[in-house]
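Look at the two complexes coming up: subunit A is in both, with subunit B in one and subunit C in the other.
On to the complex of A and B.
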């Protein structure tokens, strides 16, 4: 009894252990046997030198050279070596370009070229080039990113008015351009020329709603990048329509009230000297009014901030008077910016990227039902009234003679 | 209609899978059940065989003939070289007498100054004849007038006498008396009351139990005037008998619980019980469980605290470790200091300990599953540095972690064995030099060294050593689960553990209480410790006879 019971329990535990260990490391994939890609740039097809040479040797498969996707892979071994103090000037990333028509096929083709297959979990930015976006539906271009389970919906989408591949190159050996782009998008609290970042998840919503929208534009020159204005995507065709410059983007931010910080630069009208306003808060309320067939909007923009730079010398008549005058100057500046962007988008391009349609939908759903089919066209005719109110709450601790005088 | 219903009926594979999913847990349950019943049957058999007791030997009765009895005793004690015989004559009467004692166990002073002296020199002629029968002294006279000894027993048989003498009593044989006296002179050396090593506190009494049962019960008694503290004596061990005392509060502890403890202690059937760990293993509910179901402690304040909650303490002679039953999981993560310090730090330290438990048995498992299964769950920057440091490591994560974990375990074990002065030196060699060299040589990655170090530190913060052992074992099981199934395996392992904990009982008290079964009023003293002001009642789960603690 004794002996058999122990031997049998031993046998059973052996079977359990056996079953456990027979499975091995089921579907495990060590992280160091993978490569992480953090950025993708999409451009019109332009076969690279290496690809040309490889194809000459016979490395080809049936495809149309519709677009070139550049995949930014991290090479942390190099980064790790650099951290240890070795002055290796090796870049911490590598860009691999593939030309073809299916994005998924191109990414899998990379597995033929590196020993470490790609994983998409850490994809941070997708940059689409000007040419590609003008001629192709963005929804189709990004379809793979929407469908892939590995890729997070928090991945950000940008547009480049040059070739997108350039934005994934950097001069300095310490920077990973993809991280840099994603990082600059966080600087909204410093300057009001950055759109709220457009993630894949948000973009999916824009695609569904069919409205026109803006994407942040990234440009690059000599390995230095800059956020410069925004790209306008038409809701119907989902193609690139044109670009807004920095000042116009600033107007967009003011009109939508999405800014978290930044500045307004103006000149004092009496002395013609520079004054600058730092934005502390910004709020915009847009109301829609329907009068028969006429649709009009009224935007009230309020902001609080401080006087951060003042070049006017002595002789400002009185503190309050001067501040009111400065506020006035700033308000005019803002109005001018908004007017300009309205002129560009509403009149020239004929698209609503500023969210007026949404207000109309909320406030006048019945009217919206009637006009939504051809909203961009209807919007062209709508009038927009502006009311800008900036107030200077603070002018710093410097005893400014012009202000302290009175 | 029918077709659309049929379309929703799953494939036979689904049924087969669900059948397997049902059979496997049932099979596990049955197996363990079967192992347990097999063991019970075995122990039942052995119980039966032990029923026969030795027959009495009539020759062992004392005859009353001094010379003959002494010879018999000498013969009996011939095997014990440390037993001494001292023959002498009583005072003026000239009666022969002898004392038998064990050198070292008996109190030399007592024998010399009180027994010998009172019998030999100070003995006065009996004033009255009624004390003398046939020229001999009466038993009563010696007991009442001569022996100035606190505790005197009588023995009529050698069998009765031998064990007493061998535990330090002195046997006194007097010519003409059939019985012999057993004088309590035992004077075993015992340690002073010192601070317990295994359960140090910053704030709290410095006293710890020692190896002497009398000292230990005295410590409990001395804690405060409390007539309801009951100390019930048992003897355990068949060949080597030891005293065992169960302590409880008469008017607090549930009668059923006390009876259950007594029942289980009576059932202990073994040659000798060297340590209270033996008792623990004989009375615990589930010997297949990894979790300790009896708490051991060296601290009297902890015992008193438990008694006041209606628990029962078991003290065994010869060990400073006192057992407390029943025990819950949360109890093992508490220290008396939680109560001595104010409630906010007490609460925070408790939460910290729960966190440390979590880290100590899941951190390596999580590391493995993140590294080898879910690279997407690591923050990007961290993933980069992990890839960077792991780049040259040739092993998969599980082997890497096992190498380091096992060396840490060996290091710990070695640290215990080594003499005190060498210990720290070895810690430095093992921990620092080998760790650093292993990273340099690319056998393990730096991140893993951090993970393992944090794990080890966390496991040291578990206040109960036995529970720490449990989690050390569970850590390895968790690591294998992680290596096989990734995070999914870790979750399965955790669920299995939870279901085991919920099912486990200690003396009828669910181990996971008060979480399961859910008793909100007991949560005042669970993960957080409420102010003493609010803890007006004893724990409800103990079903105490007197539930009110305060107010």
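On to the complex of A and C.
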């Protein structure tokens, strides 16, 4: 009896001891003692005012002013106050800029300026300014992000044709710009001028394969941002080569068939009035043909959609005839966009960012092995044939007399 | 000592032990090592070939053990090639199991320290891991089998869930063309993939504990078959998402696959910790069985009770696991173990099988 009560009390005390040690907080950090950073903007080095003043007082360390990284931190206190309906003038985020050469060093330098060190688990976007990307290898700039164990490969990468720091500023007190950029990237189903998001993980593959590729361009004016076209990165140098505008990016999306929604705007050729096509689906099939040393491609683009705007009102001929004519007008519009982007990338810039090399790799692997080293150059000479087929399936909730009068 | 009736395991239990042993480090690194060797998207074919080779080796070992019911390799090797030679080979195999267990512990620490518990001293992680394992192995093969029976379904369910979630970043173009550059690249990868299937050697010991030792071949076929599916799904998903070029540059590609997407609206947004959970359980299983294999070998070699050997091996494994100085050393250590597995279990069992067959005919 005595013995069992003794062993029972021993057991109970052991359990309590166990609870004490099982909390599993060996190297824990309280979340409110940390700064969660959600966005990083990289620009050419331009020492900020505050940094200048700090350096004057002796806050210096050996470095080159290669780039300025702006780190966007969430300030939950401010966000919470705003949620409760308090008249908080404070924004839900704060930007800290550091100038230097090593990204890791800059991030750790922040720990000298704030009591809450940075943690990278929630980094959502990285924006690179065009000046920096034109003169520096992007793979080097992003190496830290690829390597770090906190930062996830799901973080998205963007380019800005202005200074990247501007894209992390917003006028509205409710927005966190980093979240907004990541959110806009999800709007592919609304408009065909957004590239499929490029995550760090996907980017690593692009870097390794050595092919040229596109990054979404984000611009900002007066604290308002916009997705505007795409940046062309050359595979060989991993540097920024130039930009495609919105219309050209639209051509890219059509050619690659990566769009999930959007529109085509055109004018009826007989009346010169505006007609608009809503994209329901889009499909692109590209085939590669090798004939001796000649490489050619044939792209067939098919789409189904709806006539969503029609200003031609009355006087139009019978319905199917009109629809054919409208389809033709839209097809021409799409062909024109694709021709333009082909001319710009293939002839002017001399790079393949449209996935033709990928098709050649899949369909003619042996030829690809021969040409892949200098593919951008070989691609310049390749011919691309185009076939676009758009079909209007319906015309919305209104039957125009012009369409239905058959 | 081992022939007490309660120390028997059923056929499904044996298959589960085999599966849990084979699935280990391979899940996290196989996509990279195989992609580096093959360099074309045909890696998955190498995985199938590698798996079939391992299955063949496993069948030979099961056939060999079948000839000596109720005896482990440590015991019957003496009958085949004599006391001293058999003892020597047994010692090599003990060393193999022992090194393998040190390797499992160390790679488990390397990954947890990087992705999960940064800052926690590795000795703290290793010691917990080893003590729990000791607790299981002291009970003998039956508790081990029952523990593995719990681990196995959890692994399967979580694996299926996270694998299907990762389909959202899957691109079929990354897996094409099939055999674009012929069969040669595929064959170059076979060695790397066969190494990932190291594990059938456990059949040399396991058969002695089975209720129906004549089902050994079936255990090997089912066990390796399941792991082939596991590895195949993993490698197809990883390469489909990260591309053959990307995979070659990533240290732990399967974890990066899980880190490459976030899902909003579900209970969790991030799934790498789930993958790490099942992976750590698999590492625990592999460690436990190799640890037990080594201790059992020593016990049978010296004809003593297994307990002192279990306790005695513990600190030695800990020290050996601390020898690799960096990740490169760790991978080299892994390669070394893999290579010794090929020498020890690729040819030897067949030789033993032939010798024992000849002896039988003479007698």
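Rule of thumb we're sticking to: the second predicted complex is superposed on the first by the 384 of 406 C-alpha atoms of A that agree within 3 Å, B and C clash if a C-alpha of one lies under 4 Å from a C-alpha of the other, contacts with A are read in each partner's own complex, and residues count from 1 in each chain.
Simple rule for what comes next: a residue touches a chain if its C-beta (ideal position, glycine included) is under 8 Å from a C-beta of that chain, and two chains touch if they have at least 3 such contacts.
Quick caveat: nothing in here was measured; it's all calculated off a predicted structure.
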Worksheet item: According to the contact criterion defined above, which of subunit B and subunit C contacts more residues of subunit A?
Response: B
Worksheet item: Which partner does A:154 contact after superposing on A: first (subunit B), second (subunit C), both, neither?
Response: second
Discussion item. Quick check on the superposed pair: does A:36 touch subunit B, subunit C, both, or neither? Answer first, second, both or neither.
Written reply: first
Item to complete: Return first, second, both or neither, reflecting whether A:76 touches subunit B, subunit C, both chains, or no partner chain.
Response: first
Discussion item. For A:27, using the defined touch cut-off, is the partner it touches subunit B, subunit C, both, or neither? Pick first, second, both or neither.
Written reply: both
Discussion item. Contact-wise, after the overlay, does A:221 reach subunit B, subunit C, both or neither (first, second, both, neither)?
Written reply: neither
Response to the item:
On subunit A, the footprints of subunit B and subunit C overlap at residues 26-27, 152
Worksheet item: Can you name the residues of subunit A that touch subunit B in the complex?
Response: 1-2, 5, 9, 12, 20, 23-32, 34, 36, 38, 74, 76-77, 79-81, 83, 92, 119, 121-122, 124, 150, 152, 179
Worksheet item: For subunit B, which residues count as touching subunit A in their complex?
Response: 31, 35, 38-39, 41-42, 45, 370-373, 375-378, 380, 383-391, 393, 396-398, 480, 483-486
Worksheet entry | subunit C to subunit A touching residues, read off their complex | 40, 114-115, 117-121, 124, 169, 173, 176-177, 180-181, 241-243, 245-250, 256-257, 259-262, 270
Worksheet entry | subunit C partner contacts - residues on subunit A that touch it in the complex | 26-27, 149, 152-154, 199, 201-202, 204-206, 208-210, 358, 361-363, 365-366, 368-369
